[in-house]
Structures are given as structure tokens and as C-alpha cells.
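Following are the structures in question.
Presented sequentially are two complexes of chain A, the first with chain B as partner and the second with chain C.
And now, the complex of A and B:
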């Protein structure tokens, strides 16, 4: 009886009690599907050959084939490249904007709202907007023509590099505001006493930023980078709208790969194995990446 | 009230937050429930038991009354609608977005006569196969018919998603084969059959033809200039080499004038390639040998791909990113000399509101190649392609299977096919003998022009399909298309493109099961043409 009372009286235990129904529901709903995914990942199931329970159990064949699948490996590397380029740029721009706009000035609310607008656009719509912008006779080429004074006619989606650049620019346009939002809210919430004390003690603006503000922003920075990296790893909408993974397979990311191999080539077993492989890898990376966050109160 | 400083949250505000969340969720769920019937109107049918399969007494219990196929089928639909209590129910057709015009052309008549409501379920063109195959998994019965491309039939049939129509075709005689108004050979086979069974009615022929801008062609200065440069008179190109030379001659990007325009997108660029490829060996250069080994990585495959890539030099630079409409607009602008395209493009080219070239273009059979023919004699072999195209199979999970089968046959019957395909903005290309040739129905002639219909009928004799008739059709074709697209954009050359595609095709064949694939392929090979024009 005392044990039961503990669940109500001890705050940490009560907290767990409150989330338990949701956790249980989620597990009851998700676990059978997750277990089924593991089973399917070890089969060669394709709906064209019958139902999943009729598929052949092929042990680790899918996983072995994935290790030698140039398209799968290419898609992973390409996705990492996008994450590796977009997230740092979004971070830098978001942070810079947040720092600049964290002071008081007239029209601050309006400016912040304008900066946040891209984030509110549905990604597929964002992709379509940029698709139109990057067309050969679109505004991007027109603008470049005006700036350079020459007839600028790049077919952006026809070359692997320019196609990838156009996708990354779209991602940066849409998700820099997310970084900005996290950073500006964190900066505005910083306790002012240590900052003021630093200035009073004669520290410069740069020194105060580096030694006082930045350490206090460590947690939001990590959260922002981890969240954006996870989201950027799943990039799909822009690519589907703008390039369909082309030219060839040169803008195919892991989500596009899973979609194409799963739903176009109807290789459900194989794609499930690929998803599980990615899930395990991401879980391991995520575990280590979030290590510094654990224990943060 | 004392505030708990540790959590900085009073009991009152906690309860308020939780209460707001609960009310919010309840309201959200209520709105969602209220909206559900409108976003899933077919859901209403789930509660109604209609009929399955052949209905009581089988197909033969449905009376066959009426002289013409459309009359017989309409009478049969009325009978089944009455028998199975279908009036007021929805007949749901999954079809590609933007392709409503042909259905709408006969919709009013259908609904008023049968009392059944026609419901479009439009799906983006590139997702029709995914969505259809998901129905094979979910078996929801939400769709009665699918408008799909022939290359998808084998997978859909093997998955049990679609039902054979042979018995319906026999009982109601919707004129499936032969003159005077059956489907043009070989469309009656390559667009409808799998392993010898009929799985779909044919909606859209899509036999490719070659459009030529006659303003440029008839210009005497151009004719002289061309002859001077290439040593032979300007004429409709007989070979792909001539086609490319003409493209080169008329290609003047500085004047916003281009030699050629073709559909070369990542999804559909491969279709045209079969025209370049299939003419390189008599009777037709096949994609596979009798053991289903890919024949792409051969002299013929590489040569065809080189020409395919060469032609791209004389197209607008953005062509590889273009889908149907920009390609059609480019030729309709009057600034392009050659256009290897669907016959339905003529609908647009003949429309004064959309085209600058009404009456200023002609149509010809696609070019070919001089090769060694029967008896070692040199022949000019031309091969065109039946690519894309739409067929309409019936869902095995439909709750009104008899009715759906009757509708598919009625919609594509000789009379209704004319109405559906000649409607404004219709994609559906003529595919029956009464729609093509010199004696084609006047409504078709008005929509497409007599010359287009004549050339299309002639071209039917030399038509090859894309990869159809075997499982994995979508994957074979898409793999080829992606690699061709990469080659078009310079990331690999013709030889590498063919080598890589051949390897991937062989891998697909092995994975699906070579033995099964070979059996289906051998059965299908007989529909490749032998004719020499």
C-alpha cells in the first residue's frame, strides 16, 4: 500500500504514472507493427507475389544485398552530404539572425514574423515554389542575368550539382527560421544578471557572448542541431517535387530511395530491411549525439 | 494558494492546461469525425452489401439485349444496377489526375441511365501504380476500376488485385478483336493481356508518330540550304540519322528555334528510346532474348542510345526536365521542326486557342534504320512504340465487380470510345479500327485530323510495346528511364548506360524468378511486329 502511495506522493514517480497510459497505448499500437516490420525485413515480400505471410523467409539476404547496393549507399551518402551542408548553414544563419534581432528595435515583431513565414509553408508547396523559381526561364536565372549582365540560362535540374544546390537552397530557406526561432527564444530567456555582471566587470561584448552567453545556450543549440539533423535526414518533399531524385539518381536521398524501391518497385521486404538498418544506425548515432543532453535539468 | 516553486506550476493551472487539452482533443476528434464522410465519400459503401464476383447465376444470367456493344452493355448495366441495388451508389475509378475529360464526356448519360454515380478518384500520374498496389495490400474495396498503364498489368494480376475479363468479353461481345471496330492489333493483346488472359479494356492507344512543322519544311530557302549542307533533299526523315541531321539543321537557339522536341523526362523519357532501338534488327530488336537475358549491352543497344543522346543536342536545353505539356507547348509554339510524340498531341496542335500551328504541320511514320532484312537484303526497318497508354482493369475487391466490368467495356466500346477520345482535353488516343485510318469516325477526324489517324493506323503495324507482359514491368522501364536520363545529362555514356541497365534488368529477372519470367516473356514475344513498311 505504501508502494502505491509513493506513486502519487513522490513527484518523480507521479510524473511517470502520468505518462504511463500514453506510453502503454503507444507500445500496444506500435509494437506489433514494429515486430511485423522485423519479420517482413527478413522476407522477400512483394505484394505482386502474394500477401506478407506467403513471402519466403530469406534470413539476412536483404541486409547483405543492401550492403552492396550502390543506390542505397549512394542515397545514404547523399543524404549525409545534405545534412552536413544544410544544417551548419541553417545553424549559422539562424544564430546570426537571432543574435542581431535579439535587441530591441521598432518593428521587431513584424520582422520576426516575416522571418518565420517560410517555416509555416507546407514543404511540398515550398518545393513547388522553388521548382518554379529554378526553371530555366524562372526568376532565379532572371535575377542572375540582371546581376551579371549576361543571359544566364542554367537548367538547374539538369545537372547533378546544380540540382542538389537548388534542393539545399530550398531546405535552407525553409528551415533557417526554425533555428532562428529556437535561438531567439533561448537568447531572450537568458538570465540577464550574469550578462550584466560581465559588462559591469569590464568584459567586451564579444567576450561576454563567448564566455557567458554561449555556454548558457549550449543546450538549445544541441537540441536545435539534433532536431534539424534528424529532420534533414528525412528530406523528401523538395526532392520529390523538384527533381524526383534525378538527374539519374544524383539527388536521390534515403527517403526517396525507400519510396521508390518500396512503392514503385514494390519490394516491401527489401525496403523494410533498409528502413530497419537506417533505424538502428540512427538510434545508435542519436544515442551518442544526445549524450551531453542527458542529465541536463 | 501556495505555489510549488520547484515545478513552478500551480495545481489550478495544471488542471486548466489538462482540461484545455482534453477539450481540444475532443473538439478535434469531433471535427475529424464530421469531416470524414466528405473526404471519403466512398466510405458509405462499406456498410452496404452489394454483390461480389459474378452475382447470382453468374455472368450468363445477365441478359444480352441490343445490337451495338454500347447498347448491350448499357442494358446489362441497368439490369445489374437493378438486380444488385446499385442505384445511388458510387462507381469509383482511380485514374491519373488531369485525365477526367474522357470520363466526363459520357458521365451524364451513364448516371441518368443507370442511376449509379460516377466518382473520380484522381491520383497523380506518377503515383498511380503505387496507389493501385497499395490496394492489393489493403484490399479495401474502395476502388472499382483502375486506369493504369499496360506495363503494370502483370504485377496487378499476379497480386490478385485485378480480375480476368475474358468471360465478360465473350458474353457481351464488346468487339475486342479485329475489324471493323475492334481494338487495333496488337493493342488488343499488348495493352490488355497477361499470360493469355484479358485483364483490361483498352482506353488509350498511344502509338507514337512523327510531327513535322510544314512552315519550315516548305520554305524553299531552307530546302535549298539543307540539300546543300547534307547532299540530299529535305523530306520526312526515313532514318534516325536523317532525323538528327534535320534537327541539327533547324536548330537555331539564338532565334528561339529548335530542331527537335521529344518527351525526355526521368519518368517517361525511355518510351521514345524503344523507337530508336527496336528498328536495329529484323524483325524487331527485342529487349530480351528467349532466356530473358537483357540484350541492351549490344552494338544495337549502344548505337540506338548514341542516336538517342545525339538527338538531344537539338532540343531546348530544359527538355530532360519537361513532362507532356511543355513538350507539346514547344511544338505548338511553331518554333520546333520535329516532334516524335503521342497522337493525342494533335488534339492540342489542332486547337486554335492553344496552338500556333493549326494546319501548319504534318504527321509521318517514325524513322528507322537501314539494316539486313530477310534473305540478307538491305531493308529500311521502322519501329514505333506503344508507350504509356491507359487500360482499365476491374478490381477484384470491388463490391460491384459485374457492374464495374460492364462499365469498363461500355466506356471503351466502339461508340463511346469515339466520344471519350474526341472530347476536348481528352488524353485518350484512338485505339479501335473505327477510330483510325481513312474511314475513321468523323468525330475523330475533326479532333485529330485525317492524316494523324491514317499514320497512326499504319504505325500500328510496326508498333513495339515498352516492357510489358512480365512482372516488374514498372521496374524494368523505370530503371531504363533513370539510366537514360543520367546519360542524357552527361553522367554516363551510351555504353555504360546500356551495360548498367542490362545488369539491373538481369538482377530484376533473377529476383522475380527467371523461370516464371521466361514463360511469360515467351508468351508475349509473339506480339512484336514483323511488318516492313
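And now, the complex of A and C:
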């Protein structure tokens, strides 16, 4: 019994006891899956053909095929395109909004709260909301008709470009508030003395903003952009709900590609190989990208 | 008031109104559809406000067609009762698991420097990975364990996936408590376990509550894990939404009603912990 008591009385043992739950869970749930991936990714396994240990070991064939898979490459490029368009727009909108609304006015708190609502919406529901919005007889076409004065009737989900635009607008609607939230709380927390001093010394608003405020906002800006880029890279829910990757494969992103090849065509060996590639790439990127998050303690 | 200041505050109000419109209109539109009868869902002449408000769209979510009598638009094959229940059970269970494994690890990292710098950074990196790139191997493993379509399996995953958030958030809360308090407790004769459970944990009660709500929101919002890990018995409400979509495609009002039910809890909880959202989403890096 004395041995058991040691676990809660001797600091070093207690430390190990504390991290045991997370280690156990990792070792039972995640690690075997990870180990399996390293085998299955080198086989041509499909569950329809039997158990995974019966599948043929085909060495690097999956990876060679992936390099020439236009759908895989297309999905990667499309995902990068979505990140490259959505994140800058979300950043610009969120930052401007935060800058304008960081001044004092009546009802400020309520306004900030309302702007945060989209961010709290379940992404799958957000996808469904925008599916409704972009229907042929939905409000987007109706509003565009009013604005342009013509009968505006686009079937948004039937054409590759408009389908992609509707997906990106959903992402922008939902996640601009995220940028806004980080920036407005950082701006409101800025020390006022240097800013006032700059004004007193005769600096213009623009100069004060560039030379005094912006440097102080560097870390929040980096963190917001990095986190949002990484999250946008995972984009799945909207596409699954709105277009299922269609028309054709034209709105298929990385997550959607893995889902389709895994769960529709059930080519587990192939999709595991693709997963490993994405996994390793993103692990390396994530390791370095998360650096700004670690320092600010 | 100077003219420039007046223009400034006018700009602010215009911008604020515009932002509120864009933020709320889409939600307003779905709320509207959920209370509209079928002929108003996608009318050729757009109907902005429900003309004949009805709760008929909500009924098929909770009652079967036999229980309701026959409506044309109630032809959903399955009510959403079970899936909403599953969302709640898996969400709460997962949150409990995440809090337990994450808080203990966070305390070990904050006070005993467990895992040095490497382990916390590793957990952070996990969260950066696209979940879809992990899920296929996980499905293979869970099939071997016979845990597919199993609520316990889902709870385990809902504990594991948000765990990095718990570790980093709770670590930031623990770090705010002076180590001297631990030392005093130890000197007064508390064992390390008593110090943790009876002295420090009560001090981070608020942090635990905030973290718990945050994790529940994440779990409640999940589509990807449930979609791939469940088939029929353990499906969650988000998966149900997707399956209504595939199966009917046209029952806009009923799906909108389910959307509202899914949307309300996280919005209320999120606004309740608004002050901590920045900290939550940035893994405790920005205190807000």
C-alpha cells in the first residue's frame, strides 16, 4: 500500500500520475491509429476486399499515384486558393471594423456582441443558412435584383465559380467576427499614454496609427492570421452541406477529397497515404506556425 | 463637439449598422424559414417575413408522421430526438473527458514542468492538423475495436480532439495563480494531491467553467468526427441535418427548424463567455 500512497505524496510520482490520463487516452485512441496509418498507407486496402492485414503491400505506389492525381493536386490548390482569398478579406474587414468601432459611442458593447454572433453558429448550420441564402429564389438573388434593378437569377451552386464564391462568402461571414474579436480586444487593451503622447507631439492620426499602434498590434495580428489560415485550410462543413464538392469536383477541398475517397469510394489504403502526406506537411507547418502562440505568456 | 468628431461618430454608427445587418440577416432568414409554411419557403416573389407563421416545421423533428397525422411536408424518415440526445450526451461526456485529461496535464505542466516545453507544443501542433487527415486511420482503428457508431467511442474522440485547448487554456489559468500558494499548502502539510484538488482547483473554478463551456461548444458544433464515426445509432444532430439534406433536399423549413435548435445553445453559451472567447480561440495566448 505504501507504494500506492507514494503516487500522491512524492512530487515526482504525482507529476507522472497527473499526465497519465492524457497519455493513456493518447496511447489507446490515437497512437495505434497513427501506427496503423503507416502500414495501411503502403497497401492497396479497401474494406470491401477483406481485413487490412490481408491487403497487398504495394510500397510507394500510393504516393506515386497521388503525385499524378489531378483531383488531389486540384483539391490542394483549391484549398490554398480559398485560404488565400478568405483570410486576407477576413483580416481586412475585421481589422477595419475593429478600428472604426474601437472609438467611444453609445451602445458599443451591444454592437460588439451582435457582431460576434456568426462565429458562434455551428459551422454545419452556417453552411445550411448560406445554402438557403444562395438558392435561386433566395434572398441573395432577390437583394441583387433590387440593387441592380434587373431580374437577377443565378443558380449559384450549378457553376464552379459561383459555387466556390458562395462557399467563400460563408467562411467570410462566419470568421470575420473572429478577426474582429481579436483585434478589438487588443485595441481596447492598448496603453493610451503613448498614443496620446503622439497626438500631443503633433503626429497625425495616420502616423500615430502606423508608428505607434500598429507595432503594438503585431503579435495579435500574427496570431489571428496564422490561426485563421490553419483553420481555413481544414474547411469541410460548409462544402459538405452546400455543394458536396460539386458541381463535378470543382469545389472539392483537401478535407472533402479525403472524405470522398475514404467514405464514398472506400479506398482506405490510398486515402491513408494521402492523409499521411497532409498530416506530415501540416504537422511541420503547424509546429513552426504555432511559435507566436507560445511566447506570449 | 467638433465637426470631425461628429463625422467620426456618424461613421461609427453607419459602420455598426452595416455590420449588424450582415451579421444577423442570414440568421434572420433561417429563423424566418423555420416559421414559414412550405409555400413560402422559396416563393418566386420573395417573402421577407413569414405571412402565416407556423410551428409545423418543428413538429416532425420531435414526433413521427403517425403521431402527427399526415402533413405533406413531414415526410422525414426519422425524428431528430435521438440525434439531439446523442449530441448532448457525446458533447457533455466528451467535455468531461477533455476537462479531466486536459486539466490534470495542464497542472503538471504549469507546476511540475512536465514534458518540458516539448509536450505542450506537441499538443498545440495536434490542433493544427486537419482532422480529416487523422480520421481515416482512426476509423480503421475504431473498426478493429468495434467502436464505430458507438456513443462511448464518440465521447472518447470528443475528449481527445479538443484536449489541446483545455491544456493550453487551463495552463494559462494555473499560471496566473502564484506558486507561493502551492508552496504554502505543502508546508502546511497538504500532500501534492490535496494541494491540487483542495487548494488550486477551487481557485480556477471560473476558468474551468469557461473552458468547459468552450469545449462543449466545439463538440456540439462538430460535424466531421460524428459523420465519419457514426452510422445510425450514435449520429449527432449535425449529421442528422446533413442526412435530411441528402434524403429530402426540399424540406427547407424542417431543416431550418433543426438548424435553429442546433444554433441556439452555442450562441447563448458563447455570448455568456464572451469575455474569455479571445483567450479560448487563441489557446490562452491573448488574454483579451
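In this section, the second predicted complex is superposed on the first by the 253 of 297 C-alpha atoms of A that agree within 3 Å, B and C clash if a C-alpha of one lies under 4 Å from a C-alpha of the other, contacts with A are read in each partner's own complex, and residues count from 1 in each chain.
Everything that follows uses one rule, which is that a contact is a pair of C-beta atoms (placed from the backbone, for glycine too) under 8 Å apart; a residue touches a chain by one contact, two chains touch by 3 or more.
Not measured: the values here are computed from a predicted model.
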Looking at the overlay, what does A:246 touch: chain B (first), chain C (second), both, or neither?
first
Thinking of the overlay built on chain A, is A:67 touched by chain B (first), by chain C (second), by both, or by neither?
neither
If we overlay the two complexes on their shared chain A, which of chain B and chain C does A:92 touch? Say first, second, both or neither.
neither
Touching partner for A:158 - first (chain B), second (chain C), both, neither
first
I'd like to know which partner A:11 touches here: chain B for first, chain C for second, both or neither.
both
Which partner reaches more residues of chain A, chain B or chain C?
C
Counting only touches as set out at the top, which of chain B and chain C does A:266 meet: first, second, both, neither?
first
First (chain B), second (chain C), both or neither touched by A:197:
neither
Please work out whether A:81 is in contact with chain B alone, chain C alone, both, or neither, and reply first, second, both or neither.
neither
If you stack the two complexes on chain A, which partner ends up touching A:135: first (chain B), second (chain C), both, or neither?
both
After overlaying the two complexes on chain A, where does the chain B footprint on chain A coincide with the chain C footprint?
11, 47, 135-136, 263
Across the complex, what residues on chain C touch chain A?
8-9, 11-13, 15-16, 19-20, 22-27, 29-30, 33, 42-44, 46, 48, 97, 100-102, 104-105, 107-108, 112, 114-115, 117, 119-121, 124-125, 127-143, 156-157, 159-160, 163, 167, 172, 175, 191-193, 196, 217, 220-221, 223-224, 227-228, 238, 241-242, 245, 252, 255-256, 259, 262-263, 266-267, 269-271, 274, 277-278, 281-283, 285-286, 288
Show me the residue ranges of chain A that touch chain C in the complex, using the header's touch definition.
8-12, 14-16, 18-22, 25-26, 29-30, 32-34, 36-37, 40, 47, 52, 97, 100-101, 103, 105, 107, 111, 113-126, 128-130, 132-133, 135-139, 142, 173, 177-178, 181-182, 185-186, 189, 219-220, 223-224, 227, 230, 233-234, 236-237, 240-241, 254-255, 258-259, 262-263, 268, 271-272, 275-276, 278-279, 282-283, 285-287, 289-290, 292-294, 296-297
Looking at the complex, which residues from chain B come into contact with chain A?
6-7, 126-127, 129-130, 133-134, 136-137, 154-156, 158-160, 266-267, 317-318, 320-321, 471-472, 474-475, 478, 482-483, 485-492, 511
Within the complex, chain B is touched by chain A residues 11, 44, 47-51, 135-136, 153, 155, 157-160, 244-250, 260, 263-266
